[in-house]
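Before I ask anything, here is the structure I am working with.
So that you can tell them apart, the chains are marked A, B, C, D and E in the order they are listed, and the count of residues begins at 1 in each.
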Amino acid sequence: MSWRRCSTRVDQLPAIELRGLVRRFGERAVLREVSVTVPAGATLAVLGRNGAGKSTLLRILATLLRPHAGEVRVFGEALPRRAFAVRAHLGLLGHDPLLYRDLSGRENLGYHARLYGVAPRRVEDVLDAVAMRERGDEPVRLLSRGMVQRLAVCRAVLHRPRLLLLDEPLANLDPAAGGLVAPLIGRSSGATRVLTSHDPAAALAEADLVLGLQDGRAAFVCPPAGVDQPMLEQLYA
Amino acid sequence: MTTYGRGLRGLAIATVVTITVALALVFFYAPLDADQGFVQKIFYLHVPLAITALCGFVFGGALGAMYLRTGEARWDIRSYVAIHLALIFGVGVLLTGAIWAKASWGHWWIWSDPTLTSFLIVMLLFATYQPLRFSIEDRDRQSRYASVFAVVAGAFVPLNFIAVRAAQAYVHPRVLTLAGGNLPGSMRLVFVVSLLGIALLYVTLWKYEMAAKNTRMQVRALRRALLGDDAVSSLKRSAAPS
Amino acid sequence: MRDERAPGMWRTALAVLRKDLLLELRGLETVPAMILFALVTFVIFHFGLGRDTIDGQLAAGVLTATLLFAAMLGINRLFVAEREQGGFDAFLLAPVDRTALLVAKALALLVFLAVLELIAVPAFGLLLLGPPLGSRLPGLVAVLALGDVALAVIGTLVSAIAVHTRARDLIGPIVGLPLLLPALIAVARGAGPVLAVHGSGAPPGRWVAILALYDVVFALLSYAVFDFLLED
Amino acid sequence: MRDERAPGMWRTALAVLRKDLLLELRGLETVPAMILFALVTFVIFHFGLGRDTIDGQLAAGVLTATLLFAAMLGINRLFVAEREQGGFDAFLLAPVDRTALLVAKALALLVFLAVLELIAVPAFGLLLLGPPLGSRLPGLVAVLALGDVALAVIGTLVSAIAVHTRARDLIGPIVGLPLLLPALIAVARGAGPVLAVHGSGAPPGRWVAILALYDVVFALLSYAVFDFLLED
Amino acid sequence: MSWRRCSTRVDQLPAIELRGLVRRFGERAVLREVSVTVPAGATLAVLGRNGAGKSTLLRILATLLRPHAGEVRVFGEALPRRAFAVRAHLGLLGHDPLLYRDLSGRENLGYHARLYGVAPRRVEDVLDAVAMRERGDEPVRLLSRGMVQRLAVCRAVLHRPRLLLLDEPLANLDPAAGGLVAPLIGRSSGATRVLTSHDPAAALAEADLVLGLQDGRAAFVCPPAGVDQPMLEQLYA
């Protein structure tokens, strides 16, 4: 079961279209014929066991990995060929924070602001939003894990991406920080989102559409209301 | 799918014939060198090997460029085989060169031969091709990086030659020059036949190896199609694409 | 759909260069390390060769080898540090021309090398070189500058290859050294007559031409292949 | 309360050594890289010096410098890799004698250097050295072996310091080189007469004694201070 | 409120005693006069905001950091002086997995087995327990984040430590894996445990004693039953 495109008006193009996506690492097929369509502005939750292929899927959408077969379209642009056109609109928050450890949070964000052509003021704004303004001048290396995660959130949303790729975004964040980052990466950010989580209940609450990955295959694609306990149990069995 | 096996037999026969003729010429026709005597005859092996190997390296670079243009894995495999064969020939060049030097000048190594010296440098560079490949896991990236290396190193071969030639204030015995500009006519004939034989050998081996790799790949693809992904055992970590 | 805010190649290169220099200032600076390394190497050669002063081809050879090994410290650092610091993938995510990274790294290396030589060459003149440096300086500078370009371009190219391999700190040097050999030969042979006791002070045109050719060919080649190295 | 299962110093050292060799086999092997590096350096010196063969003090200087630079690759690798690989702190957690790490790394380095020289010295004899190596070998081996101990001990000590600093790959060389200088001078001066055309084949006793003294002093010193380096 | 030692019999010694523990980084005091006593076999949950000092506390107990003031005793041995005696009984599962990335899980664990003098069979047993036996020969670098976490659990418990220091142990683990590791690092492991978590409900369910850290100070030390919503809200405010 997957969303259907209703009209061809440009702003109604689905944000993400995957058709028969295959990705191998060496001989192992990590994603096998995954198909799903995500409308603009919607949130797709990707669930699955460790090693199911969630991060791999996100890295393909982020143009960091090439698909081996199948069609991948982001905002109508085919990947990997049109990766360049897509990058300005992507924000990736992965397992790694992707920050230079010896630079401060402010310096790291300043670098990214320059790469994305974003005004420097925006750096202060996002630092403020995650309550890291005061600690913004310490090298990332010396911060606690949760503080680093907050900075990683800042990096991912600095350029106001239209598509957020969130790989366990709340890992290491305290409950209060979870609230702080909500305007940046939550539903209220307005962006199309793809998120993974190992907390199915929380993920279902956030999602418009759920993709269950099992050994790289789509076990189910359906709205959260359609996901019941037996399905989840089978997914994690 | 290209069938590398086609024409392989004819090519193999031509190779054997040419090399036999070349050997006969070397031993029974080519004149004995006035200064160096019998050992000079290794020249008919050494220099053709060197020329073939250098051309093999450049050939590998061209194939690598084709990979970068097309992104098709087979170009990378062709480049790999071309470079690997050239490496094997290159070992032969260094060995025959050393033997020749020892016999003629009493040293295992001489710097005054620009063929040998540039060859050493080229070999030192290409000796890193395999380790480089070997230390990259991702197959796409492996192909891409190996091809970039092949292109850069292929361009390096002629430049290196220019630099080394220029550094040689004097060139030792003129017999060693590649073009054979001042070889006696009979020597030149033998040399050309030898070169042809070695070059044919290279081409034959290249085609043979490609045919073998191709077959192996097809077998794996068939097994995968018939028995499913997981039935095909993971390749052991290997630098050799197949 | 191309975002118009994203900066062009030169602005990107400047952003990367700026970040690299910041990182430099954080850690121990690479350049002082390179300089110290060169100085110690001069001392080693002084005692190793057992000679108080050297000149001509020997001096050129020692100077070239020393600068080469000092440069290797800096080359390794620019890319290995980039990777180890953990921010590299973020550059790949950005909507920028990736060649900018090549340009920025090569520029950074050129700056490092220029500063290194600003100190190491006079030190060489003081510590080891027999004939006075004065009148020989312009010729030497010309040869070294051309050599620096080769070092910067090939160092960047090779590091970009090495950074994705497992043994990054080894692959770089062992691929880079043979590739640099023709340029090094040209630098050493070009500088030899300049440093000779009765030298003319001008480097032989042949070597300058070879060096320039080498620089141009490899700069173009690197520019052409660099995009492939940063894909995926 | 000391757990009796925990292994002694030597078994720990063997465990670390084993792990290092495993890591070696994973990546590109360090030793081949060191050998390749040394060979290229010989070629560089050939062209740099513009001489087909060398002997005596010059030969000794070139050999010493080459082995030093090749050794630096290996030294860097043993400790930088340890850190970069991410498993280092786990060693600090284990109930073992930390000196075992020093012993293991120094042993690994000695093995690397021995294999390097097994190939690089004959290659030097073939490629660059004028006088035949044959009768000179015992004297040369003695000097080099003593030099290897110094390289291994000081390399390990310095790397252990460097691994905790930010610019690890730089601190090693720049602290290590000055510390190594006396040993390197002794190696070069000791090997000079051995490699001379009309040499006796025996290294001067003075330099051998200095080298041996240096080895012993630094081995003891390293053993004494090593525990402090790995604390906290 | 803190546990009191009831008798002086050796096996009833408290597993951990902290009295006035202070740790600074530069000028910043990260732990300020923290005192708590944990009986053997009990579980201490450490709660607090990002940067509260939880990981720092664990690293001090793990003998990786020195305390700057105060008394720290683990199994009756004073740290840092008697660190050597304590190490054999410690298992640390921190933010970093502490595994060599280029070695396989099996090789990593084999190395640790040798360091701790543990029989090689134990390696297979723990790999089995976290369902990583089949993937045990792949380099850690190529595994998914959750698989790496499973291996890190194996490393921490390989030598059957009597004290487990668990810094967000379930991060990145799927729900099924959470069940798999329970016999190793859960209450049923029988070890004394100090764990941190950003999921207060889950932590309270596991704990015998809860330490609330606020800016490095112990805001409260009490059994989980004594922790109410306002206390938590204040802790994360």
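The rule is simple: a residue touches a chain if its C-beta (ideal position, glycine included) is under 8 Å from a C-beta of that chain, and two chains touch if they have at least 3 such contacts.
Just so it is clear, the model here is predicted, and its values are computed rather than measured.
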Far-end chain from chain B, centres as C-alpha averages: E
Most remote chain, CA-based centroid, reference being chain D: A
Chain pair whose interface holds the most contacting C-beta pairs: C-D
Cα-centroid distance, chain C relative to chain E, in whole angstrom: 48
Mean-CA-position distance for chain D and chain B (Å): 36
Chain B and chain E, separation of their C-alpha mean positions in angstrom: 59
Distance from chain C to chain B - Cα centre to Cα centre, in angstrom: 32
Multi-partner residues of chain B (at least 2 other chains): 121, 124, 128, 131, 135, 137-138, 140, 167
Shared interface positions of chain A, touching two or more other chains: 25, 66, 102
Contacts with two or more other chains, residues of chain C listed in rising order: 26-27, 165-167, 171, 174, 177-178, 181, 185, 189, 231-232
Partner chain B, residues of chain C touching it in the complex: 157, 161, 164-167, 171, 174-175, 177-179, 181-183, 185-186, 189, 206-207, 210, 213-214, 217-218, 221-222, 225, 228-229, 231-232
In the complex with chain D, residue positions of chain B that touch it: 98, 107-112, 117, 120-121, 124, 127-128, 131, 134-135, 167
Residue numbers on chain D that touch chain E, as the complex places them: 1-3, 5-7, 11-12, 14-15, 18-19, 22-23, 26-27, 85-96, 231-232
Chain C residues within the chain D interface of the complex: 26-28, 30, 33, 36-37, 40-41, 43-45, 47-51, 57-58, 60-62, 64-65, 68-69, 73, 76-77, 80, 84, 165-167, 169-171, 173-174, 177-178, 181, 184-185, 188-189, 192
For the chain E and chain D complex, residues of the former touching the latter: 62-66, 75-77, 84-90, 92, 94, 96-103, 107-108, 111-112, 114-118, 139, 155, 159
